[in-house]
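Structure provided below as structure tokens; questions to follow.
Here the chain labels run A, B and C in written order, and each chain numbers its own residues starting at 1.
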Amino acid sequence: MTLAARLLSLGRSVGFAVVLLVILLAVNLILSPGRFQPGSWGALVGLAAPLIGAAIASTPVILAGRGGIDISVGPLMGFVNAFAIQVLFLGAGISSPLVLVPATLLVGALVGAANGFLATVVRIQPIVATLGTYLILTGVTLTILPAPIGPAPAWLKALSGPLSLLPLAAMFIAWWLVRRTPYYDQLMAVGSDDRAAYTAGVDVTRVRFIAYVMTGIFSGCAGLMLTALIGSADPNIGPTYTLIAIAAVALGGVSLAGGRGGVAGAAIGAIDIFLLQSVLTTFNVSTFVLQIAYGAILVLAVMLTALQERFAMRGR
Amino acid sequence: MATGRNLFATTNARVVGAFFVAAVLHLAGTVLIPGYSSPFAVRAMLVLASLLAVASIGQTLVVIMGGIDLSIPFVIGFANVVAAQLYGDGWNFFLVCGLVGVLALVIGGLNGLISRSLDIQPLIVTLGIGMVVQGLVLLWTAGFPSGSAPQAVSNFVSIGGSAGPLPVPWLVPSLVVLAALVVLVLERTPYGRRLYALGSNPGAAPLALIDPVRMWVITYAASAFFAAVAGVLLLGFTGSAYGDVGQPYLFQTIAAVVVGGAALVGGRGSYLGTIAGVLVLTEINTLLIGLGFQPSAVQAALGFIIVLLVSLYGRERHVSTTI
Amino acid sequence: MADHTAPGLAARDLVIAPGASAITQTIAPGEIVGLAGLDGHGQELFLKMLAGLASPLGGSIEFGAPGASRKITGFRKAVASGIAYLPRDRRANGIFPTQSVLDNFAVSTLSRDTRLGLISPAARKARYDIYREKLSIVAPRPDAPITTLSGGNQQKVLLARALALEPAILLLNDPTRGVDVATRHVLYDVFRGLAAEGMGLVILSSEIEEILLLCQRVLVFRENEVAAEIADERLTADSVIAAMFGRAA
């Protein structure tokens, strides 16, 4: 694929998400100029950061195809949150980012490796394997942290506003580096047709395993962003991110069948969802209406994406 | 090719294996916990298992077809609240059930129609539709549902109830009959055979005169219908309406289906297997609570055991054997 | 030359690609018509249009006696009118791998075995046995998954599925692809037998030998048009190859 063709296909797959982004941004600016004035952009980015992180984290395993999905992303974020504050910061008194950051990323990598082991070596269907880790992580988190507790180290809290761009940028750079390796091509090949990739000599198991580890590391990072945002540890928030993150990924043009899309699309999908929540909040409607609109727009958005794709196929 | 024959053998082996695990768990419980096999405890387990089994009918059908239904917990909650509310407002209960059933069929049909005709992942569609349904119910009741179930429904599911000479409520024998019907439909009707064929190879289905959209609409409608039945039964079980009553069933129905030997890629699975999976899950839950675990620890252990069980007999084939 | 007014499956002024000239052909009962051409020159598209699987850009497909013919506008209509189609890619569009040989055989004709809405295994097995004998299918256990059979026997089961529809016209898309030589000859005999019983057959094949062996008449496709219609004694490997490459024979 040439670069132009690749850009074209990227535009086609995330096209709708970008259009939605522009519309939602405009609506937000009109409805609540105060909330969206340039001065508060930093705070807004901070609010959106954990969801964007969760969406990016969910992407690699989905790209790897054959039902690849990690529903333990949310609980892993919650576990990282509890582990960093309750165990490391409050328990062991460690506050240095030089320890906390590597430790949480390592936790993420280990959980990702466990998921990868179950899904690719033991070969349990990914949704079941990660459902297992989902339940284990939620249970363990509630065991080590039965109730919310605070605070977070000052440097971590400082990452909540405009500075939340730092971890996000780190994730993007990491993915950008991955894209420059041969591994990326193998990942996309395995995602679109694992039989063909296998016949072509790609170690399908290894490629998928690494995707799970990447998802784990990214989830660890997203867990840190969540910790920064709430400035404390809360065992109940993490799991709520899972399904929304997957919805964001789908919205961002990443095919849940694998092999198509990327983290940029996933991030745009996440921003869409965040802006949507923001629009609905400004109407000051009850949370019930919020939920209705939210579900309806989610379905409509994937429907429109599908229709647009169909149209693009026909136009070819 | 030997792989195909193994596949056939393992499909049945998975079901037998799941029943075996349930039996072993029950034996372990009886040894470890006094009163685990007492009549009351067994009856309670049978009732809980029956409720989960009803909620899992739809998930079984949908998974065989190659889909997944995340709207089940929301539809359970919807039926639970709407039935209680309308019955509390003085409606005739049969009318209430009819209305709830029809609405559930519409919700499910919509799930299937949107997912298949536009070729969208049912994961997202059923989640979105489920959220809308739950939101509408919350809006209607302003978040505080009221009402209750008629006494007859409570008796039907009551742990202390009896069905004629049987020491179990009518729910249990009814479920046995229902299960036999579901198995019959899957094994011996054109619909059942088409369902397996569609899940087995969606690309070949239209050439074999199977209409995928029609099948998806029917099957998702059935899934929502049985979720609604579970919702009404739960109303009788808990006594009062609660919108989130279905939430535990989201992962439990999927786990039951998978522990019972179905493949989420479609074409494989059976309702008998799901029943075995339901028994396994119920035994694990009861056993762990009986051993004095906290709910959070029960959850963690449940996750661990699901993974362990599925790794014992629910493994997928390596890509090299599928070429 | 075929008589264009005889009863049969008729393509009338059929345009299969933009700018290509129209095709008018009739497949008469009892004849075996071959479709040849270099890959992607329209022969497969033509076959799919005959089956109602692709919509023509112009013209129509009609089936039946003149004056009483039905327009074929879709696959279901085609099947209902008595046209059966055997797809090319067995794995992608043919078999249901997790399902048994019997299931794979009966899937298109399920309602024929039902008694009060339930499938009678005995009726299904009896129906299967007819075709097992006719096609000499080697399947030690018909209730085992179809993937336990050899490629040739899988193909025979798929052919049995199509024949179970009791069609008047059988459309075959490269029916011997990936099938061993012994099985091929069994299939050839079956095809000839079906034609002798009055069935019209259209065979798309990538092997000229096969077409020469089976067909009385061949349509050679080039650039989405029928470049040549070769029949009877003029039908030789040289004449077909020449037409495929656009040279006068």
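Following the convention adopted for this analysis, a residue touches a chain if its C-beta (ideal position, glycine included) is under 8 Å from a C-beta of that chain, and two chains touch if they have at least 3 such contacts.
These are the chains along with the protein names UniProt gives them: A = Ribose transport system permease protein; B = Autoinducer 2 import system permease protein LsrD; C = Ribose transport system ATP-binding protein.
Computed from a predicted structure; not experimentally measured.
The innermost chain, defined by the distance from its C-alpha mean to the mean of all protein C-alpha atoms, is B. By C-beta contact pairs, the most connected chain pair is A-B. On a Cα centroid basis, the chain most remote from chain C in this structure is A.
Separating the centre of chain A from that of chain B, both taken as means of CA atoms, is a distance of 29 Å. If each chain is reduced to the centroid of its CA atoms, chain A and chain C end up 50 Å from each other.
Our note on geometry: chain B versus chain C, Cα centroid distance of 43 Å, whole angstroms. Residues 66-67, 69, 118, 122-125, 127-129, 131-143, 146, 194-195, 198-199, 204-205, 243, 246-247, 250, 256-257, 286-296, 298-299, 302-303, 306-307, 310 of chain A are the ones that touch chain B when the two sit in their complex.
Of all residues in chain C, only 75-76, 79, 85, 87, 92-100, 103, 106-108, 110-111, 114, 117-119, 144-148, 161 touch chain B in the complex they form. Interface of chain B with chain A (complex): residues 68, 70, 114, 118-121, 123-125, 127-136, 138-139, 142-143, 251, 254-255, 258, 263-265, 294-304, 306-307, 310-311, 314-320, 322-323.
For chain B in complex with chain C, the touching residues are 1, 3-5, 7-8, 184, 188-190, 193-194, 196-197, 199-201, 203-204, 206-210, 267-268.
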